[in-house]
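What follows is a pair of complexes built around chain A, which joins chain B in one and chain C in the other.
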Partner chain A sequence: MLRFEARPAPSRLATLLSPLIATLATVVAGVVLFAALGHAPLRALAAFFVQPLATRYGVGEWVLKASPLALIAVGLAAGYRANVWNIGAEGQLTVGAIAAGGLALAFDGTTSPLLLPAMFVAGAAGGMAWAAIPALLRTRFRASEILTSLMLVYIASLWLQLLVHGAWRDPEGFNFPQSKLFGAAALLPVIVPDTRVNAAVLLTLAVVAAAWVFMQRRHAGFEMRVAGLAPAAANYAGIPESQTVWRGMLIGGACAGLAGVGEIAGPIGQLMPSVSPGYGFTAIIVAFVGRLNPLGIVFASLLMSLLYLGGEAAQLTLALPSAVSGLFQGTLLFFLLAADVFIHYRLVRVRAVPAGAA
Partner chain B sequence: MDTAVQLVVLTLAAATPLLLAALGELVTERSGVLNLGVEGMMLTGAVCAFIACVKTGSPWLGVAAGAVAGAGLAAIFGVLVLTLTANQVASGLALSLFGVGLSAFAGLDYVSAVVDGIRPLAIPGLTTLPVVGPLLFGQNPLVYVALVLLVAIQWMLHRTHAGLVVRAVGESPESADAIGYNVLAIRYGCVLFGGACAGVAGAYLSLAYTPMWSENMTAGRGWIALALVVFATWKPWRVLAGAVLFGGVTLAQFQAQAAGVDVEPQLLAMLPYVATIVVLAIISRNPMLILRNAPASLGRPFRPDR
Partner chain C sequence: MIRRILPAAAVAAAALLALPSLAQAPAKAPLKIGFVYVSPLGDAGWTAQHDMGRREMEKALAGKVVTQYVENVPEGPDAERVIRELAQAGNQLIFTTSFGYMNPTLKVAAQFPNVHFEHATGYKTAPNVGIYNARYYEGRYLAGMVAGRMTKTNVAGYVAAFPIPEVVMGINAFARGMRAVNPKAEVKVVWTSSWYDPGKERQAADTLISQGADVLTHHTDSTAVVQAAEAKKVYAIAYHSDMAKYGPHAQLTAVTHHWGDYYTKRAEAQLAGTWKPDNVWGGIKDGFVSLAPFNPVVPKDVQDAVNKAKADMVAGKLAAFAGPIKDNEGKERLPAGKTLTDDELNKMNYYVEGVQGKVPAGK
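Let's turn to the complex of A and B:
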């Protein structure tokens, strides 16, 4: 008989291997699913994971989609390490896009090089403001930030729809619910020719690097980790819980807001009823698969971005619904959480103990 | 008078999915397990119920399929958090994300399908009675199911031995284990029950409330149900009060639109979500209320040392 036995110390090897095991298990699950749907598994896998990256443009799309995921996940991870469960990044992204988009529309026609930086500041501020609501409710009233941050996703989405259906609708847009196309001064420059990869990717890399320094080298990062690992000890050491909550929520909100700006000033170029294909939710998975570590998050974001692209490719070549991406993303997280059991436990073989021998 | 009666009927109709899902989650949480995957289980229940109904033509087989699907997802969650002692918050989130993807995938061919669904009761001679007719004999059958479930859970939790054991497991799994109860088995049972309830809540949406399937049709009701359990301070009767309150808010949104109130529809649609936040803040404000009523081991994994 096999049973789990607690390890004396968490296994570093299992911590690093678990995402790989989970990825492999997801691929195997994918093969089974493809076979069950009557597709040649190898051909389907190639269509899913290889074909999207066959062209220069495809590789560009891969990076372009990974960038907001990594950006948001790095912000969320700062909170998750401290047990601050911000799951409303999608809403913070939306409000960031509303704030920056409002600025772009208000200064439509300007050629000032300051517009774009101002949009990023507005976006970060918008995301932080939206994240401040759950932070305030948690610190003042102890309301669960999980539920409040999620409710705010729906409210933000309705707010954006209200704007693009009403006040901010393009008067010459044939009544489509979308804003005017932004002027050139509000659009990010493309930095790799023949792709859509824009300067937002550089911002993501900068934030990832800053997050790594914050986490490893700065006292504040250390405080956040302590607050997550041992709340009582943190409290005793004079790290108030409210400070941890505020930091965790605001960092997450700022990053999500920036990601929202990257979308509307990048590939979208205007405000639409929806400005994200669920990046805020997918980033939660990215944060976990990346082990809440900035470097790990970069790899996880590339993996998850490939799942998005693979879903789109599978829709074209295999006539599979693109919803299969969401399915794979969820499956990956399941396998990861299951594989994580080996961080704290190991399997040992035990002989059946004869009755009464205890 | 007729309008008032109709309002009560419509409010109950809007409250029923919240009531079903929240009651299931309440039992799960009373056993000490926090399952944040209600939204995913509801969606999967909704789509499976709809597909089963289209395939078999029987809405009640659909409801059964919804319950099984909800319990099936809950079983995955159970393996993760009970057998493998994974983090309950992360696993619940995973379940919700997975359920959204799974239901969208499974329901793709059924987006424009039509079913007869489950109609409100119409008993000749009774339903047409004034006032009491529509109230007692004119609701959707699943509304009665939800109300019966409420009474049953209230009675089970507080008046039976089984309920005492569930509460003991939620308060102190170590003690329950020490006197010989199988904590994991009891928690598995409660998690599966919660999943089945969420699945039926989803089936109600896709077969009775609006007989159709569309992606993400639960629109956050699973999350509102989670908030309702906190609002109810883990007491079944108060879940009914909360569900009716939120049903009323949902209804107010449609009534205002029908009455031609000059407010943007998106603003009205925000109401249930704003109400959830406000209510959560008010109820959580009193720490004693939560501390005294929340199951003591909620969210804490348990591994028997035997």
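Let's turn to the complex of A and C:
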């Protein structure tokens, strides 16, 4: 009989082997899955992992889609490390987009180079303001930020819908629910020709670097990590819980708000009834697959982005239903997280114990 | 953690480099045609009808065309990439079947001037982008006639997604059809703020039934409303697809969408080299919109009356929005003897007489 036993310390060997096991298990599961459905397994795997990156445009799309995920996840991870569970990044992203989009529409037609920076400031402020509500409810009334931040997602989404169906609707748009297209001054420049990669990617990289410095090198980051690892010790050391909650929520909100600006000032270019295909929720997975570490998050976001593009490519070349893509993506994430078990646990063989003896 | 991820990437890369690279098929005859769908393929709903059209076209032009599609593409930044990839993959004609694909379609079209695009339900065209849509409201009017004759409580319930003109038009046409045969008829509307949310649609349907509605219809994408009607033993008029199998007793008829003939025609034009961007708004007459077979509970004289109205519509003798039209606050919106123009229809943001409430966010 086999059973898991906690390791005294994380195993270095297992740390190296874990991703290997996950990759192998995914490939095996993928081969079985695709073969069972009557698709050539190798071609399907190639469609998932090679084909999306075969062109410069494809690589650009890969980075473009990973960027908001990484940005949001880095912000969330700062909170998660301190046990501040912000589930509402999608809402904070939306409010960030509303704030920045409102600015873009109010100053439509301007050529001022200040508009774009102002939009980012507004977006970050909007995201923080939305995140401040659960922070306040938690610190004042001990309301769980998991529930309040999640519920605020729907409120934010309804606000956006109200605006694009009403006050901010394009007057030339036959009553269809979307704003005017933004002017050139409100749009991010493309930094790689022949792709859609825009300057928001640079912002993401800067935030990732800053997050790493904050968490590893700054006193405030240290306080937050302590608060997460040992709340009682943190309390004893005079780190107030409310301060940790506020920091965690506001950092997450600011990052999500910035990501929202990057979307509407980047590939979307206007306000629509929905400005994100669920980036705020996917980023939660990204944060955990990246083990709440900024660099890990960058890789995790690239992986999620590739899986998404791969799903499209598989539909295009193999006519693989999107549900099968979803299944395969889920399998990979499952193995990736499950293989982590071996870092902290080991399999030991135990002799069968007669029933009742224990 | 870094250590954990890096080897994963390395292993994946090594494993995959060993695979043979994908050969791209050259874009030669048969004609390649691409489709972009906003939701996953199901057996009922908006996307299901477009896919039915795609398959009908494939059958009609067997051997001359091959088709590709990508389903479940969200309206947003992802749409542009998918449309571009379809163009890159050698599709010469690409149908983008949701309103939110409008600007992405135009962006890609500008980069691929030799590829032809058709965007459903939008309003922007380009030298290589045509638009097409259907006059769903004509079917709604006829369905309203059925509802008006079958209701006992004189209240119909309407589950609707978003208050955009297309949806408001449908509600108004339905109410006008009802009141044409039953002047006491009223329509109650519940909004779901979502095109596809079976849970919310079901809830909305239950609410309407509890408020006395004994005929339900919907402008949402799932079969939930028809199923709710079946469970509560009231009538339903399905939308997009014939949903008789989800409500064999409840469904009186359905307002159905049909794109196959249009897709075939456009593919033929592309094959013949005569494709031109068009702005098509086809109705009952053009076969874009139709009614599903009547439930046997619909009496013969009602069926005859509706079929006659349908024939009159085809002949141009009956319009869903012919004056006089009063809104539900009593204001005259159109005098007798006139018919609403397409432009006026596309800006409709009021309810006609017989609909309860106010259009949300209407100005």
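One rule holds in what follows: the second predicted complex is superposed on the first by the 307 of 358 C-alpha atoms of A that agree within 3 Å, B and C clash if a C-alpha of one lies under 4 Å from a C-alpha of the other, contacts with A are read in each partner's own complex, and residues count from 1 in each chain.
Keep this in mind: contacts are C-beta pairs under 8 Å (C-beta built on N, C-alpha and C of every residue); 3 or more make two chains touch, one makes a residue touch a chain.
Nothing here was measured: the structure is a model prediction, and the numbers come from that model.
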{"item": "Touched partner set for A:S144, first chain B, second chain C, both or neither", "value": "first"}
{"item": "Partner chain(s) touched by A:Q329 [first = chain B, second = chain C, both, neither]", "value": "first"}
{"item": "Partner chain(s) touched by A:H165 [first = chain B, second = chain C, both, neither]", "value": "both"}
{"item": "Touching partner for A:Q51 - first (chain B), second (chain C), both, neither", "value": "second"}
{"item": "Which superposed partner A:I284 touches (first chain B, second chain C, both, neither)", "value": "first"}
{"item": "Partner chain(s) touched by A:S11 [first = chain B, second = chain C, both, neither]", "value": "neither"}
{"item": "Touched partner set for A:L152, first chain B, second chain C, both or neither", "value": "first"}
{"item": "Per-residue contact with chain A, leading partner among chain C and chain B", "value": "C"}
{"item": "Overlap of the chain B and chain C footprints on chain A, listed as residue numbers", "value": "158, 161-162, 165-166, 321, 323, 340"}
{"item": "Residue numbers on chain A that touch chain C, as the complex places them", "value": "15-16, 18-20, 22-23, 27, 42-43, 45-47, 49-51, 54-55, 57, 61, 64-65, 158, 161-162, 165-166, 173-178, 181, 196, 263, 266-270, 272-277, 290-293, 295-296, 299-300, 309, 312-313, 315-317, 319, 321-323, 336, 340, 343"}
{"item": "Residues of chain B touching chain A in the complex", "value": "36, 76, 79-80, 84-87, 89-91, 93-95, 97-102, 104-105, 108, 215, 219-220, 223-224, 226-227, 230, 264, 266-267, 269-270, 273-274, 276-277, 280-282, 284-285, 287, 290, 303"}
{"item": "Residues of chain A defined as touching chain B within the complex", "value": "4, 6, 85, 87, 133, 137, 140-144, 146-148, 150-152, 154-155, 158-159, 161-162, 165-166, 281, 284-285, 288, 321, 323-331, 333-334, 337-338, 340-341, 344-345"}
{"item": "Chain C residues touching chain A - in the complex, by the definition given at the top", "value": "1-9, 11-12, 15-16, 19-22, 40-41, 68-78, 80-82, 84-86, 88-89, 99-100, 103, 123, 162-165, 193, 346-349, 360-361, 363"}
